[in-house]
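Before we start, here is the structure in question, set down as structure tokens.
Letters A, B, C, D, E, F and G mark the chains as written, and numbering starts fresh at 1 in each.
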Amino acid sequence: METLMAYVIGILFAASIYMMLRRSIVKLVIGLIILSNAANLLIFVVSGLTRGSPPLIPDGAGEVTGVVADPLPQALILTAIVIAFSVLAFAVVLIRRAYEVVGTDDLDEMKDTDT
Amino acid sequence: MKSNTLILRTAALAIMPLQLMFSVFLLLRGHDEPGGGFIGGLVAASAFVLYAFSFGVGSTRKLLRVSPKDLLAVGLLFGLASTIPSLLAGEAMLTALWWQLPLPGEGYLKLSTVLVFDIGVYLAVLGTLMTFVIGLMES
Amino acid sequence: MSEAVVSILLVAGASFMMLAAIGILRLPDLTTRMHASTKAGAMGAMLVMIGVAVHFADSAVSTRALAFIVFVLLTAPVAAHVIARAGYFTGIDLWPGSVKDELRERYDPDTHTLSSGLEHDSQHTENSEPPS
Amino acid sequence: MMLLAVLSGFLLALAVPVLYRLTGRYIGWFLALLPASLTAYFAGLIPAIRDGGSLLIENQWMPGLGVSLDFLVDGLSLVFALLISSIGTFILIYAGSYLKGHRDLARFYVIMLSFMASMLGLVLSDNLIAFFVFWELTSITSYLLIGFNHEDVEARKCALQGLFVTAGGGLVLMAGLILLIFITGSYSFADILSSDVSIHDHGYYTAAAICILIGAFTKSAQVPFHFWLPNAMAAPTPVSAFLHSATMVKAGIYLLARLNSSMGETLLWSHTLMVVGTATMITGTYLAFSSTGIKKVLAYSTVFALGTLTLMIGVGTELAITAFVCMLVAHSLYKGALFMLAGALDHETGTKDLTKMGGLRRSMPWTSAIACMAVLSLAGIPPLFGFVAKELIFESLLNAPVGGWALTTFALVSSMLLVAVACLVFFKPFFGPPQDTPRQPHEAPFSMLIGPATLSLFSLFFGLAPFVPEVLLLNPAVTAIFGGDVQTALALWHGVNIPLMLSVVSLLAGSLLFARWQALQPGLAIINTVAGRVGPEAAYFRMMQGITQIAGWQTRLLQNGVLGVYLLTLVLVTFGLTGYTLFSRNGIHLSLDFSDGYFYEFGIALLIVTATVFASITKSRLGSVASMGVLGFGVALIFIHFSAPDLGITQLLVETLTVILLVLVLFKLPPFASFSSPLERCRDLAVAVFAGVVMTLLTLAVLDIRYFDSISRYYIENSYELAFGKNIVNVILVDFRQLDTLGEIFVLGLAAIGVYAMVKLKAEDQHKP
Amino acid sequence: MLSIAIDVVYFMLSLALLFAFIRLTRGPSLPDRVVALELIASVVFGYVGVHAIDTGVSSFLDVAIVIALTAFLAAIGFARFVERGAKE
Amino acid sequence: MKLEVVLPILIPLTAGALSLALWRSVRLQRLLGVLATGLLLAAGIWLMRSTVEQGFLVVEMGSWPAPYSIVFVSDVLSAIMVLLTGIIGLAIAIYSLASTPTGHEKFGYYPLMHLLLAGVAGAFLTGDIFNLFVWFEVMLLASFALLTLGGERAQMEGAIKYVTLNLFSSALFLSAVGLLYGMVGTLNMADIAQKVNSLEDPGMITVVSLMFMISFGIKAAAFPLFFWLPASYHTPQVAVSALFAGLLTKVGVYALYRVFTLMFTQDIGYTHNILLWAAALTMLTGVLGAAAQFEFRRILSFHIVSQIGYMLLGLALLSPLALVGGVFYIMHHIIVKTNLFLVSGITYRLMGSYELKNLGGFYRQRPYLAILFLIPALSLAGIPPLSGFFAKFIVVRASLESSEYLIAAIALVVGLLTLYSMIKIWAEVFWKQVPDHVTDGGGLNSGLQTRHTLAYYAPVIGLATCTLIIGLYGQPIYSLAEMAAHQLMNPQLYIDAVLGGQAK
Amino acid sequence: MIGLFWNLLLALAWVALSGSVTGMNLLAGFLFGYLALMVLQNQLPVLKGYSRRIPRLGAFLVFFLKELVKSNVRVAYDIATPVWYMNPGVIAFPLEARTDMEIMFLSSVISLTPGTLSLDVSDDRRVLFIHAMFLQDEDQLRNDLRELEHRILKIMR
């Protein structure tokens, strides 16, 4: 299953990069969202997929016995999801303000600061 | 067209308390089951978002009483406060401290810096999301 | 025994969802699609949850399954209502095969008022408020 | 004491603003006390070095880096130190008068004193790095001095030119010095001079020598870097006088002399010096002859002198070094004097153009008398010291180890031209019919004449009694430069010999040239115009222009403002580099073994992929957003399916809220538009696919590799026992790795503040401070 | 028997997801897409329930509960959008 | 408990949260701004003293043993960086009293500033690769918010580029952490280093190390990943620019230093060679970019890029001296670059423009400001005896020592072009007369309010003094850099310090 | 409704006090709470008639489930078969329900029942507009809806 997910991850990265390369700011943000999903999935997949044994200690037991999914990447991804959410919320509002202030959603017209 | 309806408003009043209750539930038992401060905070926030969608921003502000930023600040301070006992105790920062308070009957109430921290997370998440939503809806 | 019940419940639930999915794919307009999806979807989910409750036969699980069902029953119709209403009022056309529309004529898109049509209906005393 | 002596200039400079308020118009006299006492102090050191000895005074600075403020006093450094402090004394006095009432006089003195101190530090430093420090300080202080009239755009340009050339050379010099340090393993001139290490045979020698020579040549205005020096005339006259006579341009000469005994004696070194020196010498005199501004004429004559000095070091015989020292002293004396006089003329007549002056000997008798002495020395006419130097030059060239006659011929030619220049400088302003000048000429004040007078008198005195300076100073200096004990024999009169004959020839021919000066001017002007187009100065301007053009082109290319291009670059670099590394370090292993998956897992994967693709290609932005929601659901399903319920919940919640935020924002934005051309889309698609392929290969490669077991076992085992929680993920979040979560909520908070401010703070509130 | 049923259910749910997703891509109007998204959420509920049975881990139910409580908000958000008359 | 190791994050975090709580009282926030940054500086000094005395300070967060806990590790490099954070923080906090528009103060300027500092300090201290990511994000979001504070058009345009490119970098970082974890199963940097160094065929580690390199390279604004910086750094209000200029890119540089001395030293011939050429091209493109600019802050922004090249060079050469040079360069650069931005803020305040063509007359009217500009400007250009000279000298010397002649030549040429840029500013802003089209000499004649004068000048004077001290009294600084380099060259010291506690 | 709320609150309090969070315990808490409220309802006007509602609620649930299944089958049949038998349309349904809660509850139940979907309430809250899928026999539909309404009002009032 990891193998399959490797392909899914590749497609997610490709799609996100394609979207980020668009000139419309909305597409840019959608690209960013896909990108964060791709990175999260990547962490999840490369640290190994385990079916049906979440890292929860059953009632009455002191520890988990047998195979259990690796809890550490899960914790990392959780943090990463929250952080990505914060950043994306910011980015979403940013593009709206940018559109209001600049008056276009075409990124190619937003080059006054550089040139 | 006018956006809120009687049905939505009334349903919101019914659903929202459930969401809030459930969010606290998620917060409190997150140490042992799926949940925790973050998830709890998100559910609480969605309760207020529902309210805001149904009754508008002004009412939501009134309902919240404090500004979302204050919630956020309190949450962050809670999060930081959870580090202080360990520092006072001379332990490394963020060392969890647990106190067991005997309850009437056989149970114990487990109080810990971890819980304080989780509450901080809950409030911070709630404050943040309400800041987003109220800010966006007002503009 | 319980396995059989669970299996039936699960398959039934899944069938409802299938049905909803087929409906949403096949039916001709928004409102008819919603007939299929919101109810059947909720129904399917509830059946599955009942199956879960039966399977675990544990009070904690049952409580949660019940809570789930309550939540679905509360939220699904509200969502359906809100979407349907929004869809209707923004002018998404009904299927041409529709037989009647008693709403359209009572809605004034300029003032955004929706009248009951009963304002001058003296016949309809049964439900009118007593004059105060 | 030595440290204080060197740094006193800086200290005094700091005090100038206060002193200026206290002393007012006598500031020049007052400040001159410092160089005067320094002169006395350095003179007091003469006995210590008379027999070829040297003093080493050590002061720590940054020992770790090998930087110290050690000072080396020997014949060479002391000659320079004395010239700097003594001429500096007169310059300070002179400037007080020349710039009387100038609103920036205090600033002038601040920089001037710093400049003087830097120069002293330069010539006295034993430590190579400290030497370089002072070297650069002279560049920067002279920049400030040249640009003293900073509101004049020309002055700014000239200052920049001087700085660019000298600082650029300085950087090369730095490389050279570092290489020299590598070669010798020492930071000290004294060590290097006395070391047994064979510098010449070291692999770095050539590079070091070239770098050091370039550094010295730029500083000392050797061809082809000579062009900045005349332009430095934009500075007020006292600056020019100081810069040309005793400081700045002499720094490079000093360095060459300093290193001659250890780095010289190779073909590279001596031939380069001879060729460059000769070229500079000829160029200098020619340009002096063809100029009309008095300061320009003097400046080019400095170029001549610098070339001659370089040539002498290049020749490198005992005689040549002796000639070098004499020329150095003679030139400093007469050039300092001449510049101050030129300043006096300018000050009193209001013009710098020689062709606009005439007959001033009547209105400015003292000035003309002093000028007479200085000019005689310049032209190398007895009994002035310039003559002694010139004789020695001819003699050493005649006896040069290689190319003696050729060099002599060049020297003769330039000597002829120089005589003509000397006549020009002297006869044009003071003789002939009086001309209308912007100001009514009258005699210059005492404070402006005391400097040139004293310097000229010294020229005279040294010429008449050359053994006095010889015994005290020049002999030790020659010894220091030559690197061995040398007995010089200076005299005014050597009898009738070839050098004398050459002098006579040059005198006659020079007078003839002067007579034809007026007639030659138009022709010279044409030559100069042509040379100006192809000469080194033109090259400098082309280079500066080139820098700006390349910079502009590069910036337009790289920083073009288009985010897409930035991203494209970033993506290509990222995945190109990663992909290449993967290919070269691990190889490509494509696996298509999906047998471990269940069909519904394929279903979820398919859902994710189709949702992603649809989100990317749909023309409906809300379709895209809804599709993002589906993507979120799909990812959540993966999480749930592979044992991560907390992740599943969080993903779903966050997805829902993201959709809500997007929706709240999107209705203020216009619908999707397609801006790019199909070609661009194909390009982007190709890049994106490439990136995706690399990520897939990378993931596949890592899947096969697990070098070590995860540390997670610890959490699984201790979560309940030690941290009292059964949800291990949550325990990690709030206990084992609580700090991550603490950071995370602050990230949330920051996003909230940012969003709030963006939404609420309107641009019109900005400009209130 | 149960395991067969579970596989069948997984299959049906996958199909349902697919159909719903097709509707989502087809639209044509935004509410159509939203309805499809809602249905997908419902299918995810069902999926989670079945998964809980499949793995024997009841904690997965919590996922379903939380989504049930919140997922409909997206629909309400979209509805607001539609009501304001914004263009697709 | 080594309190000094955690204070550098606790102080700004608390100050940030408190400032947020004190949202309505700008006065208290201002007070807190100066107070907390002052405390941060004090903590930095404390940390520096302890670190120098003890070599390494390690705190295992939550008292869980490393590598299971997140550790904070202070070595000399970290301590230096934290101390600099304190210095810059205090300078900016004071400067902000005068320069920050009221609107910004009312909308979270101070909380953002504190949290930015917290993120920066956290990144410098953490010994955990994922925790580093978290602090990066704290810093990044604070910078996003500060960058957009005010909402002007240029800010928005700049921010979109800044945000996008930095998010790309973050995603790359995160992916790299995931891949690394997938292979070695740990997050503690010392643990990773230990494990990676024991591998026989670390080819895939090299691949992942490149992802880190690119990600940090983006944060550090190295060639060809720097676009976001010149696009945005000149857009926010000047105190923010200055804060960014001093600290942000240096976090990327620090991260590169950390991972490419500690963790990824198994394929130096490849990785560090890439760094070397990146360094050279960064220097060149940055300085050429600056040569094409005629706006005060844009020139300075491009020079940040250029100087990042020098710092990378120190790392790329990976010799003791080169690392000394790199560390020295970082110290020098942070102070000098911040200061130049602060000076540009004063000129802006007085004449209302950053365009060189609209500025002028400062040498005449504000000679002391001219000196205060010249000190950092000449230092930046590497003119002795200022700090930049020694920094450049060491780096060039290290390049020559490593027989990288071309690189040394580039470094020297870039030094010259830097001087050219600084002189351009000097000539235009200070020497040139007030341009004719600027009426009334701008605000030059009226000047600043006295209340503001102190707040504007005190940080500039303080930082200029630092520059002078580093140059004139450089031995202690040099020794520090030497100690830092020694520790960086011997990663086993770090590993033992962090994981040694496990054995006890 | 408030009664139900109080009852739930009591149940939760019970759970908290007894310290064991299980479904059975919650149910027990609910039962005890229900009994307590039954005792109290005569004293507190808010709670008036609460005890009767729970049994009615049960009855309603049975009715509702029956309707649900019935109409689901009907809709399902129409969806699953190639030919459409539906006659969709929007009807105006005069309300007897008055309070917000009643109207909401009714409309929700109507929406949940396949074949009908509440669209909106008129501004004067007297008419509910319902989209129905099968309008072949409109009167029958109205009657069914009316019965539904009555049953609901019985619980609510």
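Heads up, the rule we're going with is that contacts are C-beta pairs under 8 Å (C-beta built on N, C-alpha and C of every residue); 3 or more make two chains touch, one makes a residue touch a chain.
Everything quoted here is computed from the prediction, not taken from an experiment.
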item: Common touching chains of chain E and chain C; value: B
item: Chain at maximum distance from chain F, centres defined as averaged CA atoms; value: G
item: Closest chain to the centre of mass proxy, which here is the mean CA position; value: F
item: Distance-maximising chain from chain A - centres being C-alpha averages; value: D
item: Chain pair with the higher count of C-beta pairs in contact (A-B, D-F); value: D-F
item: Distance from the mean Cα position of chain D to that of chain C, given in whole angstrom; value: 80
item: Computed distance of Cα centres, chain G from chain F, in Å; value: 63
item: Centre-to-centre distance between chain F and chain B (centres being mean Cα positions), rounded to whole Å; value: 36
item: Rounded Å distance, chain E centre to chain F centre (Cα mean); value: 47
item: For chain B, residues that touch 2 or more chains besides their own; value: 1, 5, 7-8, 11, 14-15, 18, 22, 32-35, 38-39, 42-43, 46, 49, 69, 72-73, 76, 79-80, 83, 93-94, 96, 128, 132, 135-136
item: Multi-chain contact residues (two or more partners), chain G; value: 21, 107-108, 118, 120-121, 125
item: Sequence positions of chain F contacting 2 or more other chains; value: 13, 16-17, 20, 61-62, 130, 134, 137, 141, 144-145, 148, 151-152, 160-161, 164, 168, 175, 179, 181-182, 187, 230-231
item: Pairwise chain contacts under the document criterion; value: A-B, A-D, A-E, A-F, B-C, B-D, B-E, B-F, B-G, C-E, C-G, D-E, D-F
item: Chain E contact footprint on chain C (complex, rising order); value: 3-4, 6-8, 10-11, 13-15, 17-18, 20-22, 24-25, 30, 33-34, 37-38, 41-42, 44-45, 48-49, 51-52, 55-56, 58, 60-61, 64-65, 67-68, 71-72, 75-76, 78-80, 82-87, 89-90, 92
item: Partner chain B, residues of chain D touching it in the complex; value: 645-646, 649-650, 653-654, 656-657, 660-661, 664-665, 723-727, 730-731, 733-735, 738-739, 741-742, 745-746, 748-749, 751-753, 755-756, 759-760
item: Residues of chain E touching chain D in the complex; value: 10-11, 13-14, 17-18, 21, 24-25, 27, 30, 33-34, 36-37, 40-41, 44, 47-48, 51, 55, 57, 59-60, 62-63, 66-67, 70-71, 73-74, 77-78, 80-81, 84, 86-88
item: Residue ranges of chain G in contact with chain C within the complex; value: 21-27, 68, 72, 75-76, 79-80, 84, 86-92, 94-96, 98, 107-127, 129, 131, 133, 135
item: In the complex with chain E, residue positions of chain A that touch it; value: 51-54, 56
